[in-house]
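What follows is a single structure, written as structure tokens, with notes after it.
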Amino acid sequence: MILVMNIDSTLEEINQVNERLETMGFRNQVIQGVKKIVIGAVGDPLTSNALKELTQMPGVEKIVPIMKPFKLVSREAQNEGSVIEVGGIKIGGQELAVIAGPCAVESREQMMESALAAKNAGACMIRGGAFKPRTSPYSFQGMEEEGLKLLREASEATGLPVVTEVIDEQTLQMALDYVDMLQIGARNMQNFRLLKAVGQIDRPVLLKRGMSATIEEWLMAAEYILSEGNQKVILCERGIRTFETYTRNTLDLCAVPVVKRLSHLPVIVDPSHGTGDRQLVEPMSLAAIAAGADGLILEMHPNPAKAVSDGAQSLTPQGLNDLMGQLQTLAPVMKRIIP
Amino acid sequence: MILVMNIDSTLEEINQVNERLETMGFRNQVIQGVKKIVIGAVGDPLTSNALKELTQMPGVEKIVPIMKPFKLVSREAQNEGSVIEVGGIKIGGQELAVIAGPCAVESREQMMESALAAKNAGACMIRGGAFKPRTSPYSFQGMEEEGLKLLREASEATGLPVVTEVIDEQTLQMALDYVDMLQIGARNMQNFRLLKAVGQIDRPVLLKRGMSATIEEWLMAAEYILSEGNQKVILCERGIRTFETYTRNTLDLCAVPVVKRLSHLPVIVDPSHGTGDRQLVEPMSLAAIAAGADGLILEMHPNPAKAVSDGAQSLTPQGLNDLMGQLQTLAPVMKRIIP
Amino acid sequence: MILVMNIDSTLEEINQVNERLETMGFRNQVIQGVKKIVIGAVGDPLTSNALKELTQMPGVEKIVPIMKPFKLVSREAQNEGSVIEVGGIKIGGQELAVIAGPCAVESREQMMESALAAKNAGACMIRGGAFKPRTSPYSFQGMEEEGLKLLREASEATGLPVVTEVIDEQTLQMALDYVDMLQIGARNMQNFRLLKAVGQIDRPVLLKRGMSATIEEWLMAAEYILSEGNQKVILCERGIRTFETYTRNTLDLCAVPVVKRLSHLPVIVDPSHGTGDRQLVEPMSLAAIAAGADGLILEMHPNPAKAVSDGAQSLTPQGLNDLMGQLQTLAPVMKRIIP
Amino acid sequence: MILVMNIDSTLEEINQVNERLETMGFRNQVIQGVKKIVIGAVGDPLTSNALKELTQMPGVEKIVPIMKPFKLVSREAQNEGSVIEVGGIKIGGQELAVIAGPCAVESREQMMESALAAKNAGACMIRGGAFKPRTSPYSFQGMEEEGLKLLREASEATGLPVVTEVIDEQTLQMALDYVDMLQIGARNMQNFRLLKAVGQIDRPVLLKRGMSATIEEWLMAAEYILSEGNQKVILCERGIRTFETYTRNTLDLCAVPVVKRLSHLPVIVDPSHGTGDRQLVEPMSLAAIAAGADGLILEMHPNPAKAVSDGAQSLTPQGLNDLMGQLQTLAPVMKRIIP
């Protein structure tokens, strides 16, 4: 940690800062230049509390932290990449995980058809929303527990594990009886109560990046889960909000190699929300795998024109089939396999 | 609603869209040009369901909605500005509301000192956080119910009503026993379960704008609360996330007159989070009032250097005093009063 | 074009708008609903002049344009993708174009070494900057005409064509004697004088996307060049500015398939500026090609540690070699070849 | 300047960095902790060249600059605020400067009417564009030299000085014969050739902030002008590009007190481009002055409905009159005067 002192800070002020640092357990050295005085302080990262206190001390201009704020999720904590098992499927190893299914569970028939289409195309897991966070209170809010039951049924019929979004502690408790992986959606990435709650259970968690979350904030959200004891976190890039409005979001594929460098956690990509446009899902899926992603989560609907939500970005079963074919060709180039 | 048809859509496709629109209760007309065919359809705003179905019909290129998606919060629903009473204080009328207090409740002494300083400076309400959403799991998370009790005590000692943030249904239930207004923080602006929960109670709600929320999404979040029955919503602009990193956020003061035009709800400004810098709070407070805001919510701490959170952006009691003096001079220019 | 009238617009106002539209050559129809009146008007896109006049007419709430504003660059104008020849190299066809070289020309030795390394690795064109737009007036501003001469020399020694950035009409005139393709940099994407100037010559132009330019604005910048007569424009995505600061820019790879859909012009990607980090260049290069890009422009320096600019994002010759090997494996998957 | 070394950097690497720093004239100290080694180096800010070399040395993880990159524009260089005289008007002192006029010069009648309306309302300077940078090549591009003549005429008829935008060296030379202040538009903020050119003449320059420019980049652009010898620079905040689309740009009023703190240059605000909406100009004008701006530049047109550009954001003469009245009331609160 580096403390930059004001150009006109007094010797007394510098001494006070030095003393305070020492009582906090830092070893520090003053570097005096012609125009600036800086204090280099070495020790454990500060509590926020202590940091603020220092920031406010007379003479202190700014503090530059040197250590990254996340620990358990970092490559420093665990150098080897984590491989996380979800209902028999491995995510983060050599295998690419393709998860497919409708945005929302709408009916037994729709869910069953989706699950079979996913299985036939070669996907390894199914998805479907039972609790839908919607911008408008007047939009369809999901089938709730009834939807979870249909997901379970579809999972059993196909043998594919299933992931669904939970939105608070109550829906989390409910979902535990039905699904193999819990999803924390983009809007809840900093719902810290929910993060702690999924941190206290033993079930894999798919953590989507918030719409305006920096990579650091995203990793800190994962840190919440790991720090409560649950190590099974898979990250999911799903596009960030920028000035560009042609696409629904701006898919930040560069986040994939960045996260791979900073963290041992697996990372997959959601090109459906990332683009909002069915025709862009295929090129961005290929690009995601080429960038090093461990898998994809794709919206697919037996009849997108009738989907209650996100129809415009849902693949048809045939579209998913075609895409899986292309991924089969791409995988060996990236030294990956599609099981 | 306008439907733009593809340049090569067939007559049959156009007829199908027309028929579907009619069964949905729209009156519509086809306008055929040399290069484009558009269908103008007039009726109630569509459910999301119906909208998606239409988007997916063969031949449809895009749909341009004409009506705004929010209803109850709109000036069309209520032309006159709402005035909301919180513990005897009126927000949204001629009076400017200045709410002040520490970021977090830290101790009885700190809270009491803050409340007295707020009262002495002329603030009309106090603030203080008992449940703190923090980016890092290793940061101070708030005093919880103990903090609520200290807020109540400080409120009774000064006669000033009190506002505090709630972060889920459990903390909401707890806070009801202690505080006059509930705050929904920026990170929870689209926590729709929480919005519905505060919509079902009879207590004023301060709804902060999300860090990357458009004005429309913010108003839709308010619509969630009103649609559940609670009409007492006060909006709070607190800065949005942009590429500029000199300030903590970019305070979007233009949102004030925009919200005033679109909605009847009161809107106040939080220049403390909006700037992240004590020295910028004064100019931005004056600017907020000049832009037409109904009030301010300010972080103030008896000893900012010792604050456990947000010390750098907290005013001192003297700083608040000085600012109140300037607001007293500014208020009559804006035809407002500080009670 | 759709005109939405105010809820309280009078019949007279509607008639005036209708009449004005007719004198402008539009065929239009009024669609009257319970809450809104819209006028659908069909004709050529309006001049900005006329559009503004209509916007200001009494009773008009807003105007929704239906036609895209670009013409010559659009797929409607030319359905087949353009293939542009630069010094014997074809860009936009089946061949992938890899352009490599240093950020800035620094010396004969550095430029010659770079060109040979590019050729050996299998790149098809070389790059190098002679006029450097720099944020600080105190930074190296380029070798100017001396640099152009070294570029020409390196081009002749290797037989590879060369591209360089021009920054105004004077440097453009100078560069014409030395280089095969002219680059318009991100900061000059809306330097309309410069766009017109390169539009009036017969030399291929590499048009980089501005740091905060929408895809539409970028295509409009290309439209400037085509509308002056020069059809040889190649687009280059190089990252946009967002709130994320971990990378230098946010590489918007989704712009590749979007531009391919909207326009017949070739599009390549610059992962060096797009990421600002040598280690991220390889994954993002592969991702760019997987997303459908027609090529790459890469910063490569014989000794990045000594580069006068952008060393941190420059590949070494060995790094370029390795990347070309991976591209050779990827190309056939994308049905492309590297010549 | 602080150099953070890799966790696994060798003693030899550290020594090499130390030696290189010393040959560069730095005094430095190594601070060794359990997890990190940092080197504090004190001296003049590095050339970009040297900085990059250091970044690339083995063992160096990152470099944290401590000094701000701008010099001549900084408060450190000149503590007292600059007051710049433009045709007898002072900008940056106690007087508030209100500049008004049409977006584009369209005709003698329009320009004369505008200038008289500006004078009658109490504005101190007139504006009008003769060279218009337009997104579309098919839009009106300005009256060019004919427009400059009309500006001069309007200036002489009213006695008010005049400002106009120049877009390259040719238009700059032309404008020198006619106008009192030269404007560099947002799109040209990093047109460094143009910045140098205006830096070499003796005429005040109004430098608009680029659409996606950070405050630091904006000040560096001003530094270009000052470093060439021209000290008469006035900064102009005009809104930045964000995800919010309700307004044309997001007016970053907080930039006003930030620039005032960092630099001695005057700063004014353009609420017309900043909002894109006539009705928002008044509240944002008042807010700008309350935030500490030294003046305003406003689009005003005798008949906005007929304006060839930016009609929607232009005030009417009556609108300007009303606004000036409100500014007269506000000015004394801010201890300013409107001359």
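Every chain is named by a letter (A, B, C and D) in the order it is written, and numbering of its residues begins at 1.
The rule is simple: a residue touches a chain if its C-beta (ideal position, glycine included) is under 8 Å from a C-beta of that chain, and two chains touch if they have at least 3 such contacts.
A quick note: this is a predicted structure, and the numbers were derived from the prediction, not measured.
A.B. asks: Could you quickly compare B-D and B-C and let me know which has more C-beta contacts?
C.D. replies: Counting C-beta pairs in contact for B-D and B-C gives the edge to B-D.
A.B. asks: Among all other chains, pick the one whose mean CA position is farthest from the mean CA position of chain D.
C.D. replies: So the farthest one, by centre of C-alpha atoms, is A.
A.B. asks: Could you please state the distance in Å, as a whole number, between where the Cα atoms of chain A are centred and where those of chain B are centred?
C.D. replies: 26
A.B. asks: For chain B and chain D, what's the span in angstrom between their mean Cα positions?
C.D. replies: 31
A.B. asks: In whole angstrom, what separates the CA-based centres of chain B and chain C?
C.D. replies: Centres of chain B and chain C (C-alpha means) sit 39 Å apart.
A.B. asks: Going through chain C residue by residue, note those that touch at least 2 other chains and give them in order.
C.D. replies: In chain C, residues 212, 241-243, 245 touch at least two other chains, as defined above.
A.B. asks: Report the residues of chain C in contact with chain B in the complex, numbered from low to high.
C.D. replies: Its residues touching chain B are 2, 4, 7, 27-29, 31-36, 38, 40-43, 64, 66-67, 76, 241-243, 245.
A.B. asks: In the complex formed with chain D, which residues of chain B make contact?
C.D. replies: Contact set of chain B toward chain D: 212, 214-216, 240, 242-247, 250-258, 261, 274-275, 279-280, 283-284, 286-292, 326, 329-330, 333-334.
A.B. asks: Where on chain D does chain C make contact in their complex?
C.D. replies: Those in contact with chain C are residues 47-49, 52-53, 55-57, 69, 133-141, 167-169, 187-188, 190-194, 196, 211-212, 217, 220, 223-224, 227-228, 241, 304-312.
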